[in-house]
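Okay, here's the structure, questions in a sec.
Note that the chains are named A, B, C and D in the order they appear, and that numbering of residues resets to 1 at the start of each chain.
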Amino acid sequence: MTRISETALEALGEIPDGSTVMIGGFGSAGQPVELIDALVEAGPTGLTVVSNNAGNGDLGLAHLVELGRIRKIVCSFPRQADSWHFDAKYRAGEIELELVPQGNLAERIRAAGAGIGAFYTPTGYGTPLAEGKETREIDGKNYVLEYPIHADVALVKAHRADTAGNLVYRKTARNFGPIMAAAARRTVVQVSEVVPAGSIDPEAVVTPGIYVDTVVAVGGSTALRQGTGEATWQEVAG
Amino acid sequence: MTAVGQHLSKDQLAARVARDIPAGAYVNLGIGLPTLVSDHLPAGRGITLHTENGMLGMGPAATGADVDPDLVNAGKVPVTELSGASYFHQADSFAMMRGGHIDVCVLGAFEVSVSGDLANWSTGAPDAIPAVGGAMDLAVGARDTWVMMNLLTKGGAPKLVERCALPLTGVACVSRVYSDLAVVDVGPDAGPGQHLARVVETFGVTHAELEDLLGLELGRADG
Amino acid sequence: MTAVGQHLSKDQLAARVARDIPAGAYVNLGIGLPTLVSDHLPAGRGITLHTENGMLGMGPAATGADVDPDLVNAGKVPVTELSGASYFHQADSFAMMRGGHIDVCVLGAFEVSVSGDLANWSTGAPDAIPAVGGAMDLAVGARDTWVMMNLLTKGGAPKLVERCALPLTGVACVSRVYSDLAVVDVGPDAGPGQHLARVVETFGVTHAELEDLLGLELGRADG
Amino acid sequence: MTRISETALEALGEIPDGSTVMIGGFGSAGQPVELIDALVEAGPTGLTVVSNNAGNGDLGLAHLVELGRIRKIVCSFPRQADSWHFDAKYRAGEIELELVPQGNLAERIRAAGAGIGAFYTPTGYGTPLAEGKETREIDGKNYVLEYPIHADVALVKAHRADTAGNLVYRKTARNFGPIMAAAARRTVVQVSEVVPAGSIDPEAVVTPGIYVDTVVAVGGSTALRQGTGEATWQEVAG
């Protein structure tokens, strides 16, 4: 059953030092900034964070990085035009990085929520990111064996929740929310508004309430507060 | 269409790529240079753009009041939504890519080998902070992976090579290279005894000049 | 609540199971006998029913004009939709089950072993046409898998056994058996030196009579 | 690009003898009866059919079974109160059966659409349905290795399509439609109505048009024409 909390800090609940925390978002889109602010306030340290990026600008995930609360980050795209806090920590050897191709990251998170023990993916085969990993040829194609990524808690930003915990998202801010909500032992969601159960069309529910432990309404979109996080790597490659 | 004796500009190159995208295709344009291709897709050809952060039916970049921080492309640039668009989560989006449902993916590259290996995610510099994003998924997922790049580095070194020196993004995944100097087919689709790299078209250089520039023996795509 | 000296009727048994389902739980009641449990779930306890053919928030069986052929439960019986329901496809539905998100699953059984093995999909008859449906997924997917059954066959043979003779549905997956004669905990959760099967409660039989009926030595759940 | 066809037969297109055909539906709910009728009319034989059940009553899939067009069926639950046509063929040794637990069936279909080479599932471990299959212990839990199920064509029933091929379904009739649409080389969909692109909320699209090759509108729900297919096995087990 989903609990509706009054504040982000209350929604967050207890997060011990050393926890593994999934944080939704693709850059700023879908990043649960208010929940991350609450995580900063709550104070746990030595965290392992699973997120697509490693922070943009100075707010949200970037702030958590800056404060040194993160021991290790599992992500696909840490280096961006405005990832200066991550860059500094990484160069100082103060944060460990597990770099995972974005689709493998998504599928590993999905596997955790779906009870899959491991899976063979073609992505990364023959590249440095598959070094030391088990491989197998299946029907003439080469695959790498990848394992699920579980988490103690997932912090997710959705657009709207009903009181049964059902979620809908907004546009590309959906990104990692649905799969992280299913992969973590406990899922905390910030939304713009909470509506009565029955107000969301059952055909249009994206994340069923079973995956949602706590919801907090934080008002309108917050992404504008942050940097844009536009990618730069392919400017070089182009 | 192409001025004889001249290398293609970025925009001409984008137009050349766009010309080869089949009507009705589902296409991913990666990030950076290849996104220029979208400016050259003629209306009415029913081409649908996929962005791996979770959308089909992506429209042009958003400007002014249309900018919505919840609607961005894979490069995190604000974009717009076309009629018939749909949104989905990351696992579904990469399932769509990995499952071979995207007809064409166009990527930038540091290096492409004649056998179709791609290096486009890491310069290999020891002090660089690595980042891969969806590059490896895109490289191996689409039915056809095309590379769009300058054929030489700023220093004049070939980027189409016998064997990639940089860390790989994918193995034998590129089928065609579109560059300022030539369009070249690469990879294992060549018949027995054929060259791995076959020139489709050159821009302002002869076949022999191209071979000289690249230090490679090149076949011809038409035979 | 339970009449002393009497075995439980199907409805009493369903009520007994319902009593143990925690408030706020997500529950799958399989098909057949366990679906009776839904009639005994008190309102206001916030219990949500999952049906593996693709729905959370399933309501009671549909009657009359409410029958909708597009809205059925796992037994293909027309049902209704409660406020806060959601629909999803088969892969998502079984991910929900397999991923351990369902708190309690209640299944029927041909046999359950003291170690929690379950046999409920095949009678093993050589001429039978096999069918398994979601039984194997449900057996291993939920946080707690409970069995609801008569403790003896119509012929008087025990269905709680040392080792299943029939083809298995799942290994060491059942944690508790609710039957007309007793509630019995089974499986590897027992401490060292403890019996694998521990009686929680009996209905109309003594502990010793139960051991005799089953031909098993049984422990007690409370020590 | 999705094509809109005028008739089910035209939508179906060429289906050679010996093809593998996925057929959506859970019993009658979501069963594409008009497309199956067209398949009967089109005449291919020696088919391998992938479907959750093996036909209810006398119509749709049951009719295809009765006519002997199916060489092999891959399904989870063939035997039902009204599966008499399958029962007869099976007992006569005229149809081959690959029995797959329903969740493994769904996940194998999903894997085909998602480009996963194989995956480890806990379902079926230690049972006769995992005999001869590769197993592995991962983090103290036992898993069976399962492979994707691909198909030449999928026949799916949805509720509504737009002209871009985006689909929404109705209630539990959604079942196998979305994953089969992604798993087959070609997907043919029957719907109650086709609406202009832009008429379906992009947030509520269940199957994006990329998975849909051909759509035909066949009018209202057809499930009432069929048997109920109520399951019987657990009546015995109960």
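Structure notes:
Rule of thumb we're sticking to: a contact is a pair of C-beta atoms (placed from the backbone, for glycine too) under 8 Å apart; a residue touches a chain by one contact, two chains touch by 3 or more.
Because the structure is a prediction, the values reported are computed rather than measured.
Chain centres here are Cα averages; for chain A and chain D they lie 33 Å apart.
With centres defined as mean CA coordinates, chain C is found 54 Å away from chain B. Inter-chain spacing, taken between the CA centroids of chain C and chain D, is 28 Å.
Shown for chain C are the residues in touch with two or more other chains, namely 81, 87-88, 91, 94-95, 97-98, 141. Within chain A, residues 107, 110, 114-116, 121-122, 169-171, 202-203, 206 each touch two or more of the remaining chains. Judged by the touch criterion defined above, the protein chains form a pattern that is neither an open path, a ring nor a star, and not fully connected either. Every pair of chains in contact is given here: A-B, A-C, A-D, B-D, C-D.
Within the complex formed with chain A, the chain B residues making contact are 30-34, 51-55, 68-77, 81, 87-91, 93-95, 97-98, 107-110, 117, 120-123, 127-137, 140-141, 148-150, 167-171. Interface residues of chain D, counted against chain A in their complex, comprise 107, 111, 114-122, 136, 138-139, 141, 143, 147, 168-171, 201-204, 206. Interface residues of chain D, counted against chain B in their complex, comprise 1, 110, 112-116, 162-164, 166, 182, 197-198, 202-203, 205, 208-211. Residue ranges on chain B touching chain D, taken from their complex, read 23-26, 46, 48, 50, 56-57, 81, 83-88, 91, 94-102, 141.
The residues of chain D lying in touch with chain C in their complex are 26-30, 52, 76-80, 86-87, 90-91, 97, 99-107, 109-110, 121-129, 142, 169-179, 206, 221, 223-224, 228-231, 233-238.
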